[in-house]
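Supplied in structure tokens, the structure appears directly below.
Chain lettering (A, B, C, D, E, F and G) follows the sequence in which the chains are written, and residue indices restart at 1 in each chain.
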Amino acid sequence: MNTLIFRTVAPFITALMLLFSLFILLRGHNEPGGGFIGGLIAASALAIYGIAFGVEAVRRAIRFHPLAIAGFGLLLSCLAGLISIVFAVPFMTGLWVYPVLAGVEVPLSSVMLFDLGVYFVVLGAVASIALALEEREAD
Amino acid sequence: MADVTALTFLALCLPLIGALVAPFIIRAFGAGGAWLLAVAPLLAFLHFLHLVPQIAQGEIITGGYDWVPGLGLRFSWFLDGLSLTFALLITGIGTLIVLYAGGYLKGHPDHGRFFSFIFLFMGAMLGVVVSDSFLMFFIFWELTSITSFLLIGFDHEREAARRAALQALVVTGGGGLLLLAGLLLLWGQTGVAQLSELMPFGDVVRGSPLYFATLLLVLAGAFTKSAQFPFHFWLPNAMEAPTPVSAYLHSATMVKAGVYLLMRLNPVMGATPAWETLLPVFGGLTLVTGSVLAIRQTDLKLKLAYTTVSSLGLLVLLTGFGSDYAIEAAALYLVAHSLFKGALFMIAGIIDHETGTRNITRLRGLRKAMPLTFTIAMAAALSMAGLPPFFGFLAKEEIYTAIAGSDLYPILVTAIAVFANALMFAIAFAVGLRPFVGRLVETPKHPHEAPVLLWLGPAVLALAGPLAALFSGVTHSAISSPMASAIAGAPKELSISLTPHIGLPLALSLLTILLGIAVYWQLDRSRTFVAYVLHSARGPDRGFDHFIAGLVRFAHGVIGVVQPRRLDLYVACTFVCVAAILLVPLVTHDGLPLGLVWPTDLRLREAGIMLIAMLGLIAVLIARDRLTAIVSLGIQGFAVALIFLLFGAPDLAFTQFMVETLAVVILALVMTRLRLSPTDSRHGARRLFDIALSLACGLGFALLLMRATEAPFNSALSDFFNAHSKLIAHGANVVNVIIVDFRGTDTLGEIAVVAVTGLAILALIRIRGNTERRLATNDPDAEEA
Amino acid sequence: MAAPVTDLSTAMVTTPVPPAHWLAILPVVLCISLGALLLMLRGLPRLQAWIAIAGLAGLLLLDTALLRQVVEHGPLTMVMGRWLPPFGIAFTVDVFSALMALAAAVAALAAGIYALSDTTESGRRYGFFPLLMLLMAGVTGAFLTGDIFNLYVWFEVLLISSFGLLILGSERAQIDGALKYAVLNLIATTLFLIAVGILYASFGTLNMADIAERAAGLSATAPLMTLACLFLLAFAMKAAAFPVNFWLPASYHTPRIAVSALFAGLLTKVGIYALLRVLIMLLPAERDELSLLIAVVGALTVLVGALGALAETDLRRLLGYVVISGIGNMLVGAALGTADGLGGAVFYALHSVVLMTALYLLAGEAGRRGGSFSLAALAGLYRQSGWFAAISLMLLLAASGLPPFSGFWPKVLLVKASLDVGAGWLAGAILLGGFLLTIACGRVFLFAYWRPAPQMLPPVRTGWTAGLPLAGLTILVIGFGVLPEQLLQLARSAADGLADPSAYIFSVFPEGTIR
Amino acid sequence: MMLDYALAVVTAVLLLAGAFFALVAAIGIVRLPDLYTRMHAASKAGTVGSGLLLLAAGLYSGELAVLARALAGFLFFILTAPVSAHLLARASHISGHFPADISVRDDMRMR
Amino acid sequence: MITPAAIVSTAAIAALGILCVALLITVWRVVVGPSLPDRILALDMLTGIAIGFIAVVAVRTGFSLYIDIAIALGLVGFLATVAFARFVLSRGTVGDAGSGTRRRGK
Amino acid sequence: MIVLFLSLPLAIAWVAVTGSASPHNFVFGLALSLLSLAVVREAFADRSPPRRIRPLHILLLAGLFLKELALSAWRVALTVLSPRMQLTPGILAFPLTVTDDFQITLLANLITLTPGTLSVDVSEDRRTLYVHALDCADPLALRRDIADGFERRIMEAFG
Amino acid sequence: MEALFAILVGLFFSAAIYLILSRFSIRIMLGIAILGNAVNLLIFTAGRLTRVVPPIIPAGADMLPSGAANPLPQALILTAIVISFSFLAFLLVLTYRAYQELGTDDTTRMHDAEPEERPLPPVGY
């Protein structure tokens, strides 16, 4: 879709959508959203970028193979569950810490880590599908 | 003195050890290794021999080890007169056969493997006759089928051998399965799983309503194994096996397993009308069939094989008679038959080995070239013919005594026995005499005397016959009487000796001999006569081919119907099942909804969204081109999302919107290159059927859901989540807290699904199958060019 | 509405988790983590393979330890995320679960080793080993979980992984087979999901121990009866029972042998596992009413499977029907519901996992050696290699259910159990099925092995990647045939645990159910 | 108090106006003669309609963050609506879906 | 006395009704087509109306969280339209119904 | 360079959208914005920020746009609802004066959102904008309107 | 309300099943897509229906207000949606590849895994 208009707008849209996906990811615990939707939006952003600039551009943009990203996400989620082995509590126990950074208490939790894993899995897998399909289109 | 139990166990294991070492020994020593290998069965033989005095005094030796306590199964043996006699025959003849095989298969590339098979068989057979537990008995029983499959198919490059092997496996293995059912029924009726404990339950068994079924099942096992009519056909075909095998399995031992079983169960199941009818009838039929068919053959081995069939018939007949004399006769005849038949088979093998043919019409005048063989052959033949002073004579006299002493169907049975025995008489000389007398005829190989490994076996057996007869007192007290006692289930004392005893039995013997001489005289003529009569008859042997081919064709046809190779039919069948399991229980188990309450508070917008959903569905159904279908699909998806939105499920609506859009996008992307149209192409009856089926399923799900939601709801889980979501799990969005915390493990699986989907789709798109190349070679390197 | 809790002990586990309890979840976590790791290592197929093999060996060890644990100390429950059941997800492992998981690990390790030489370059690049690990995650998760919705999730994990493995190669036949496989299996899991939804509507809980306790008080009433039927159909489809077995013959012969072997060993058995778990443990009254139906289905499955084995020319398809016939035997056990019947079904399932994996590996070797999978073309294997023929014969006999191989014992149990309840026809069906399978397997040996090849087959070396798993599995088949006692006891104890789930329930609710 | 009313009235007006424009857009895409003319309805009235409704929601929430989000959403629609209209129109034209017969000219077709 | 809430609620209900009608009309266009871009346009429109619908629900229920759903829908709706445009483009000049040239194969 | 330039408005949007104006949140938003922009860095690689930005003119442009948008919606409403629609639609080639990609895009989008016109395509050589107009009876007037309206304002704002 | 929903669910199922019964893979896929929605609606209804109030704990409160929707079915459906989406995506690509490789979307003409010619196995020995 090599149109000037689209190619000019696409990077902005992609960046906005990525930012929005992070927003959705981070607030999922309290309001609708979370890793899955965030990942889908991020993958959609990449899909738009890919339609505008081609598959190779997306591959360069995300550096890693999308499936490696998905694998990373899956591993992250597993590890988030496994952290609890250290504290002698059951698998996937939600663990919270509240470190104070520059005077502000920042809640961090294994649950968020888990959701981040979900985000990466969805992002990676859906992006992989979209890229594979796009690539097929191209030939 | 060493522990009898341990020694017996060792004796039972010796054949297995032999099987394991045989290939190595043969590789190391060649055919001479047979001498070494023969030590194994010999030791076992000696062990059993030294138990004879004990058994002769009426003792029963039992022993064993726990094997599968969970099934009440012990690896346990039970040695009485019957089993000990068999054990002696198996190990004794086995020793001779090992030696004989050493000479017979000398230089064969698979010589070692052959010994393994023989030893395995020996072990299995030994297991059958000493087993106490039903299951152990059955296991060894089936093992004999398996090992005989291997032995018969030993010469596997010939189709006839393969056929015979399969035949033996199918007939005896199949019968074995029925026997298993019979044994389990016995177990169920009596509660005991050991032969040794079964004896007191005779009345229970005979009185059980399942007696007849049990009997039929047991007989099925015994008759197939012992080649009773109409299952007699497999045994002569088994002559495809090398002669040592024929001599061993198919005359001396395995085929007698069925007879052994009947004898073993005689005290428990015998003495009923059914028993006393079925056994003699089938035994008699087998006796006649075997003898007549034996006349027809020109092949030495086949001739012997058919006489084996008829001998087995005779044994069954006698066992079925149940009278004391009959049992004694059976015991004697069984031993005699093993001795002379084993010898004769080995003789046939020697003749074949030395002359290159077994065709009786081409063998004449060998006595000069093979005097020793001739002597041995004559000794065995005389025993088979039932002439004094051989053991066969004692057996036959006892048989006639038994028959004459019974009041069953005296005339018919007597006639049959005389007729069949006469034929056997003739055949005995046809095998043992005829090839040696007369003028020498040209044979494929130049005949000369066999090496010691070959003649030793038959010589010992042939010698054993007259010795046993001469010292009949010892024989009876050591072997025959204990055996007969075991068969009868009560002490029996045999007394018959070579002393002539005037009476009806002697007269019958003389009649038999006269008749036999007549047949022998007219041997060729009678053969042509029988062949002429049976010319167009379709025996069960041909039937086996038809059975196998027909079975395969039938199976092929059935699978063609039940696996119609069309996805639409698979799916239709599946949904027929779905409709049935939904609707039938609803009716039979009072599952219809109690009442249909129309919601009074339905809002306009809710109705509107539902309407849109239905419009979307209809649009998908009637869509004429793919895009309409895809877009309409989006509509119903959006409608569902809006429904979620209106009923308090923002997360669901959110996800549904995203997923539905992406699904539509992927659908569009995927369909880009395809010239597909989703037009419904169904017509007429199929369409009506599909509509009816889908409506039925829909109705089923609707009714099920209605009924399920009518009951009061247990909201304990949701209450818990509501109560703890924020306080403990620190999340306000309860749904999300459930997803990542309360039920986070579900999500772990879910993202695994997502990740795998990515991987699978990538593989699906990227890997391009080479449509020409098939997987057939299963060679991974072939794929990558 | 629950009041705000002050006492956390009613909501969460407050005592430290005994390390042994981690055994319930670690097998699954190991599989997923390694699967994820392998996804990240896409570029290093060689390393991938070795990590996967090491992982599968680790899985085997973990499952062994787990089995020891539950045998010695009874069922164990590991709650997820500290939430007490029935609120959180609990993994509850009893002997049945642990046995199945262990058997699965054995099959997976064998298939994995075989795959070292069987997978293609592209197959490895596009994820054979990650798919294998995640398939095992799904299988193991399905065996170990104590939550019925979670069971559904693991079903889906193993299903999608099996899709991936099935199409690895993009052969025409693979794609055709995968389409049929996917559509039919998707319908099956959808039915399962529907049943779970209705179950939730009826009981308001998803924990299986909780359901078992609640359902025990109810007799076969609506909509439980429909529910039981739905579960039965869904799992019967997964297990490939007649008449919904279509997907198996349509697809099992299409992937690479390592995959076929894995599928034959695992997939249908997961269906059987779920069937037993749900119908015996959760809905016993309904199963009782359905027993005749299940028995008829089982008997027909036995016979159709055996007939199929006679009707097929392709060795792999033939084996597919052998799998189906075995499923019929297990269904008969489920229909009987007695101790012997269930014990037989469990034993059969374990035997089938090992045997069917071995048989497909065998078929792969036979195809490689003989150059074809067709019985019409395959010949001369006996002459070519004695030891291979010996192993083949033993496995074929084991498939026929003949002694002294592992298939014999469950068959005895099942026939005996059938006769004990007076169902002679069931015993007859099992025996007839065994008879037909004996013929089918005998014919395989006749044609492929004994029959001389037109030209003498060249000698073929079997590498350790094929030899080791084949030999190992054959040793198991013989070992459990000759010395079945331990496995028999385990199978019995698994069956007892199903029929009387009180220990299972106690491990989940030591202080009684929270109502 | 007054502010509440003002807010309510503004919200109500926005809601009704938004719904009105959405309806107009819907009628437009049914009534207008060809694809290109329908696009006018969709891209203008449609965007305005949904934008107004979004603004109404943002305004009525009374939270700045929500209003900011609503505005951001509105801006995003304005950013994307013309692009998607352009892409669809262009693709249609290239793939041979030309304006209906009532059109008076088509300069793109001549190039 | 009319409360502010009542004003908004009435307007919201009216808006929902109007939007429902708009949805139905748009669905009509999706179904009848006639051309492929027409349907895509209608679907895009449908997304827009759905966004409005969600916004009104947000007003009606007072849950502002629905707005984010609306925004997200706008984002992926854009993606859908872009993808469909691609779809139109890559199909070349082939007509819509495609009934004449369907299915190759035997 | 332009990435840094763009990350500021994005970070501000983040702060607004998350509703927390703490410096922490701003820094966090900035970081996330940079992260998001880093993904699309390549597309901005050959671009530089506009040479000149005139805030006042941008505001004017925005105002004009909003007015035109409202008007446009209204016109469409009138057209659609009028009982007998009288249309003279057509596609018109508009010769572009602006040359910058960004400006061309802005112009095209603004045209789409304004009354009766809709940008269909830009020619390969970036010289011509194809505009679909509902009323194409007087092409010259239409071209003049666009050139004097948005195109001029855009050049003023980002000249 | 549940009864009405049950009817709607039934219609969804009917439509889905009718489509799945088709010979053409693309229609089957459409049916599967609808089937997923049908199941989700079924679970949603099975967990009983509540209007509007989402299971999100308002700021300042510790628990959900009464009358909030049942969150558990929603969580289950979320999982199910994701899974059915994954499967649908896979199946769509599979259909596409099947069309490419097999040259048809008519499943009755797909005879690669199960060839139309079923050779009779050898009946000899």
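Here are a few things to note about the model shown:
Here is the rule we use: a contact is a pair of C-beta atoms (placed from the backbone, for glycine too) under 8 Å apart; a residue touches a chain by one contact, two chains touch by 3 or more.
Here is each chain with its UniProt name: A = Multicomponent Na+:H+ antiporter subunit B; B = Multicomponent Na+:H+ antiporter subunit A; C = Multicomponent Na+:H+ antiporter subunit D; D = Multicomponent Na+:H+ antiporter subunit G; E = Multicomponent Na+:H+ antiporter subunit F; F = Multicomponent Na+:H+ antiporter subunit E; G = Multicomponent Na+:H+ antiporter subunit C.
The structure displayed is predicted, hence computed values, not measured ones.
Separation of chain C from chain D in touch steps, taking the shortest path, is 2.
Farthest chain from chain C, judged by C-alpha centroids: F. Two chain pairs, A-E and B-G, are weighed by contacting C-beta pairs, with B-G ahead. Separating the centre of chain D from that of chain F, both taken as means of CA atoms, is a distance of 15 Å.
Centre-to-centre separation of chain B and chain D, using mean CA positions: 79 Å.
Taking each chain's centre as the mean of its C-alpha atoms, chain B lies 68 Å from chain E. Averaging Cα coordinates per chain places chain A and chain B 61 Å apart. Residue numbers of chain E whose C-beta contacts span two or more other chains: 16, 23, 36, 40, 42, 57, 63, 65-66, 68-69, 71-72, 75-76, 78-79, 82-86, 89-91, 103-104. Each of residues 20, 28, 42, 46-48, 52-54, 56, 62-63, 72, 76, 78-79, 82-83, 86-87, 89-90, 93-95, 97, 101-102, 105, 107, 110-111, 114, 118, 120-121, 125 in chain G touches at least two other chains. Among the residues of chain A, those in touch with two or more other chains are 1, 3, 5-6, 9, 12-13, 16, 30-33, 36-37, 40-41, 44, 47, 67, 70-71, 73-74, 78, 81, 91-92, 94, 125, 129, 133, 137. In summary, the structure contains touching chain pairs A-B, A-C, A-D, A-E, A-F, A-G, B-C, B-E, B-G, C-G, D-E, D-F, E-G. Residues of chain G touching chain E in their complex: 52-54, 56, 102-106, 109. Remark: chain F residues 6, 10, 13-14, 17-18, 22, 24, 32-33, 35-37, 39-44, 101-102, 104-105, 108-109, 119, 121-122, 126 touch chain A in the complex. Looking at the complex, you find that chain D touches chain E at residues 4-5, 7-9, 11-13, 15-16, 18-20, 22-23, 25-27, 29-30, 35, 38-39, 42, 46-47, 49-50, 53-54, 56-58, 60-61, 63, 66, 69-70, 72-73, 76-77, 80, 83-84, 87-92, 94-97.
Remark: chain A residues 28-37, 40-41, 44, 47, 66-67, 70-71, 73-74, 77-78, 81, 91-92, 94, 96, 107, 109, 111, 114-115, 117-118, 121-122, 124-126, 128-130, 132-137 touch chain B in the complex. Those residues of chain D that touch chain F in the shared complex are 20-21, 24-25, 27-28, 31-34, 36-37, 39-41, 43-45, 47-49, 63-66, 68-69, 72, 78-79, 81-83, 85-86, 89-90, 93, 99-100, 102-109, 111.
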